[in-house]
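Below: a set of structures, written as structure tokens.
Next, two complexes with chain A in common: one pairs it with chain B, the other with chain C.
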Partner chain A sequence: MAKKILRINMSTLKASYESMPEKWARWAGRGLTSAITCDEVDPLCHPLGPNNKLVIAPGWVTGTPAAPSSGRTSFGGKSPLTGGIKESNAGGLSGQMIAKLGLAAIIVEGTPAQGKWYTLVVSKDGVKFEDAVNLVGKGMYEVDEILWEKYPKTAVIGIGQAGEMKLSNAGISVNDPENKPGRYAGRGGMGAVMGARGVKAMVIVDAGGPGVGIENMDLFKQGRKKLTESIQEHGLTKKGGALNSFGTAVLVNILNEAGGLPTRNFSAGQFEGAIKISGEAIAEVCEKRGGEGTMGHGCHPGCIIKCSNIYPDAEGKALTSCIEYESTWSLGANCGIDNLEFVAQMNRACNDVGVDTIEAGNAIAVAMEGGLLPFGDAEGALKTFDEIRKGTPLGRILGQGVEATAKAFGVSRVPVVKHQSMPAYEPRAVKGIGVTYATTPMGADHTAGYTICPEILGVSGKVDPLSDEGKAEASLTFQAATAFIDSTGYCLFIAFPILDIAKGWEGMAESVAGVTGMNVTGADVVPLGKEILKMERLFNERAGFTAEDDRPPEFMLNEALPPHNVKWTITNSQLDSVFAWVHDGQPA
Partner chain B sequence: MVLGEVSAFSQTIGCVITLYYLLVKNGTNKTMMIHVFLYGSLARFGGKRYVAQLDVELKPDSGKMELLAQIGIPKEERGYLFINAVLCEVPGMESGSNEPLNDGDHVGIFSVDRLWPYQYRDGIRMSDGLMKALAGRDAMHHSYN
Partner chain C sequence: MRVTVKLFATLVRFKDGTRVGKAFEIELPEGSNVRNLIDVLNIPMEEAHIVFINNIIEEIQSKLKDGDVVGMFPPVGGG
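Coming up: the complex of A and B.
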């Protein structure tokens, strides 16, 4: 059955269903949000103005029966944070339900009458525009509860107070199976784009939907089986493996031992309190307190990796989910805070007020360097979220992200690329990730370049880890493969088994081919991913981006990072070579 | 050589010998202390469940292998191993060299189930021994088991 595009016009409060145009027919997930953004959004428009759009799309396999860990939803448009194109994706309940309604994408456009807020209820019967006066000013924990009272067991997409204020660090929340916020399309300020459309929340009711059509069931089942087996066999993703037992925060102690854990606003690569905020520490608390606390939590139905956690309070009640590696780093080590209780409370505050944890922690760290608070002041850091919630001038500055905060506090150590702050891998110590930070169309992003099986990518696999040579080529292939995975609807963490286990790679491609009927094999992954990247790069060029935007922050060239005392060493020509193919090697 | 010169010469020799014993012989007889952090299931070797810290006393001129032997960690349980933030071993691949240790060194050892995605370690500082080991096979993998 052919999928439809649902177009919701917030100016007229009308919704319409459109057939999928041929030009978008082969895309889903990130590929589709980027294609629609490129075709329908003026790159020079104001991200909060009437000409930007919010595009929501599940992946190719999302909503199909038992495709493992495939519940991602992509949110796209022009980013208020970066000024370029943005795709930010989340787990939770929304992707599968949108797909089961037979929708390839939802496009939210236009602007309602001043001051009006709506809850959009999307079901098989169409779209209801409900007055959201009962939700305005509320955080996402309360919003999710209120909406489930009326629409139980539905997917809730929403924004907290930060999105209502259209702050550049506002994210979009998706509820998890326990109806808690915490699955965020956090990066790039897409919550502000949703807020600019006057949409406080969307409820997705999949009951009675047509489901997802599968063109070749045998091929789909074959691919699904291979991928499932590879996930269940790999040490990172299997039951009882590293991610299932300790979550992504298992990396805290490893990066700290390596000297690559950014500390106190990227002034050092090791944090003396790392152990206290690590995945091991989170697991210990869950074990001691019990109750609702748990590791191995799944963020959406059908996930077999289950890397999430539910962090309990002292009474064993769920306090927040999930404390990710990047979150405990940004709100912990990068602020010099080693108190896990406060990290957990700040994590909850981010989920409630609706901001990205990476940008939020980085903004606090920059403010600490600027003298707002001393590094390590956990109580003071937690109170900054009240400032955002109340919309005070300080809260609005912090909610704009790192760059605005750095300007307000006169700080020159500003860890951003394309105006988006860096995640938890110090690029002076982990050089390979630095190339991706600098060149991805999304702004500094650790999920933009996942390593995929080198033999299939056509790179040697013998890249010298200490040499700068080859890192540009490798980064491009990683970025292309990641753009493809972001379009499948699979969780990006399937990249771990499909790198090391060949049948996993085959299975991913076969399952996509089975669902779509497209002739997709492993050999098509990089070319298709490069098409997506090219769309995104060209959008950014039209928005005014140049090669100078593919650069690390200046301080990384001048300041040596302890303990290895290393500076940024990748040359500009190497960075420029990553996307030189977009214009056949000629300047843009 | 006059008597006075002989005496001075003897005193000089005596000082040299004394200094040798004070600075070299006694020095090499002293043990060295290594600060070890054990992560994951290896923490049990330090009496803990998740992370253990212990100071290990070693004879002079000891290296990584002597440290591992003293703690008693089986080869098949070892994953990433760092000496002073330099990566020396990865799961499933030994460097084949016995990296030297010095008094006050920090060593971090992870259990074999702790994996570190390739893209997040590409370019990290490694020991010469591990670089040679990786050069002999495809490096770009998350795991080498």
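Coming up: the complex of A and C.
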């Protein structure tokens, strides 16, 4: 059955189904949210104004039987944080359920009457617009619980108080199989875009949906088998491997050892308390406290990597899920905090109030540098989330992210590119990831082109992280492959096995070809990814971005980072070479 | 010569009584390299995936010298 586009108009409170137009037919996931954003959103519009849209799309293979770890949902539109195009994707229950309803994408547009908030209930019978007065002002833990009372076992997409206030760091939450918030499309303020549409929550009811059609079952099965085997064979993603045993926070110690763990607002590359906030420490707490605490948790049904965790409180009750590497770093090392209990509580607070953990931790770190509270003040840091929840002036400043906070507190060490703050890898100590931060259309984002693989992890070969050589080319290849994977619906973590094991790479492409009937092989991954990147770069150009926006922050050129005492040394012309092909080498 | 060793993630199980990242010392003959150290620790070669000497990623044939600090990791990743 051909997939449909569901268009929800919040001005008229009407929904309509459209057949997939030819121009978008090739795309899904990130490729589709970016194509729709490029076609329908004015790049110069105000991100919170009536002309922005929230576009939601599952990947090509999402919702198919047992494609491993493929439940991602992409959320796209114009970002209030960066002012450019944004695709932010999340795990959780939503992707598979949207796909099973036969939907390629949901476009939410228009603005309801002032002050009105809605819960959109999307099922096979259409869309119900329910008054969300019972949810307004509530955090996501309560929202998920209330909505499951009426709609059990559904996917819940929602925003916390930060999204209601349309703060630039507001994320979109997706519930996990235990109906807890925590799978976030966090980056870039997409929660504010949802809030600007007057949508507090969306409930996806997949019962009775037509399911996802598969054009060539044999090819799909063949691809799925190869991909599954590669995940099960690779040391990193197999059962009992590092991701499964320690979660993504297993990275804390290796980045610290490499001198690339940003510490105290990017003023050092090593944190003396790193071990205490690492994946190994999280696993130890889960083991000791037991109860609901666990490592090896899957964020959606069908994940076979299971990198997630449920962090228990002292009584063994679930406190938060999941403590990711980026979160334990941003709320920990980057704030000089080595107390895992407080990191866990802040993680929960982020998931409840609805903000991105990376930007939130960075904003606190900048405020610490600006004198609001001392580095290492865990209690004080936790209290800042109450400020956001209550919408105090301080909370609103912090909730706007790093740049606004730096201005408010007179700080010049501002670790952002395109107004979005940097994740947990120091570009001065790991140069390739700095190229990705600088040049991705998304603003500083590690997932956009994860050169950490060869630079630190020894995945897809080994290159020297401190060297400038070949980093521009490597970043582009990773960015293109990522744009493709973000469109498949597969979790990006399949990249680890498929970069090392050739049959996995082929299998990914074959499974996409099997589902869609498109002629896609492993050789098409990078070219198709480049098409997506080109759309996104052109949107950003129309939004006013120039080469000057593809630059790391000034302080990284001036300040030497311990322990290696290195500065940013990659030249601007090397940075400009990454996307020179978009205009055939000519200036934009 | 003596080198200081730190083991991480699943490698901790190869040294009785150690904890994640806890430094311990090992006596090695002069001229030893990373491979010799991995052998002394009884760690299967494929599990010692990334080895740092003094915060720089090195190869298994890299020579060690007295006072070096070695950090060892199995395949790890995330994001």
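The rule is simple: the second predicted complex is superposed on the first by the 570 of 588 C-alpha atoms of A that agree within 3 Å, B and C clash if a C-alpha of one lies under 4 Å from a C-alpha of the other, contacts with A are read in each partner's own complex, and residues count from 1 in each chain.
Here is the rule we use: a residue touches a chain if its C-beta (ideal position, glycine included) is under 8 Å from a C-beta of that chain, and two chains touch if they have at least 3 such contacts.
Quick caveat, the model's predicted, so the values are computed rather than measured.
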item: Touched partner set for A:Cys307, first chain B, second chain C, both or neither; value: second
item: First (chain B), second (chain C), both or neither touched by A:Leu499; value: first
item: Chain B versus chain C as contact partner of A:Gly247, first or second or both or neither; value: second
item: First (chain B), second (chain C), both or neither touched by A:Gly449; value: first
item: Partner chain(s) touched by A:Lys471 [first = chain B, second = chain C, both, neither]; value: first
item: Touching partner for A:Ala90 - first (chain B), second (chain C), both, neither; value: neither
item: Partner chain(s) touched by A:Ala360 [first = chain B, second = chain C, both, neither]; value: neither
item: First, second, both or neither for A:Lys431, with chain B first and chain C second; value: first
item: Contacts on chain A seen with chain B and repeated with chain C across the two complexes; value: 234-236, 241-242, 245, 250-251, 253-254, 257-259, 275, 278, 280-281, 446, 450, 459, 462, 464-466, 496, 563-564
item: Complex contacts: residues of chain C adjacent to chain A; value: 6, 8-10, 12, 20-21, 46-47, 49-50, 52, 55-57, 71, 73-79
item: Chain A to chain B touching residues, read off their complex; value: 234-236, 241-242, 245, 250-251, 253-255, 257-260, 269-270, 275, 278, 280-281, 283-284, 425, 429-434, 436, 446, 449-451, 454-455, 459-466, 468, 471, 474, 478, 495-496, 499-500, 563-564, 566
item: Touch list for chain B against partner chain A, complex; value: 37, 39-40, 49-51, 80, 82, 84-85, 87, 91, 108, 110, 113-126, 131, 134-135, 137-143, 145
item: List of chain A residues in touch with chain C within their complex; value: 234-236, 241-243, 245-251, 253-254, 257-259, 274-275, 278-281, 307, 324-326, 446-447, 450, 452-453, 456-459, 462, 464-466, 492-493, 496, 563-564
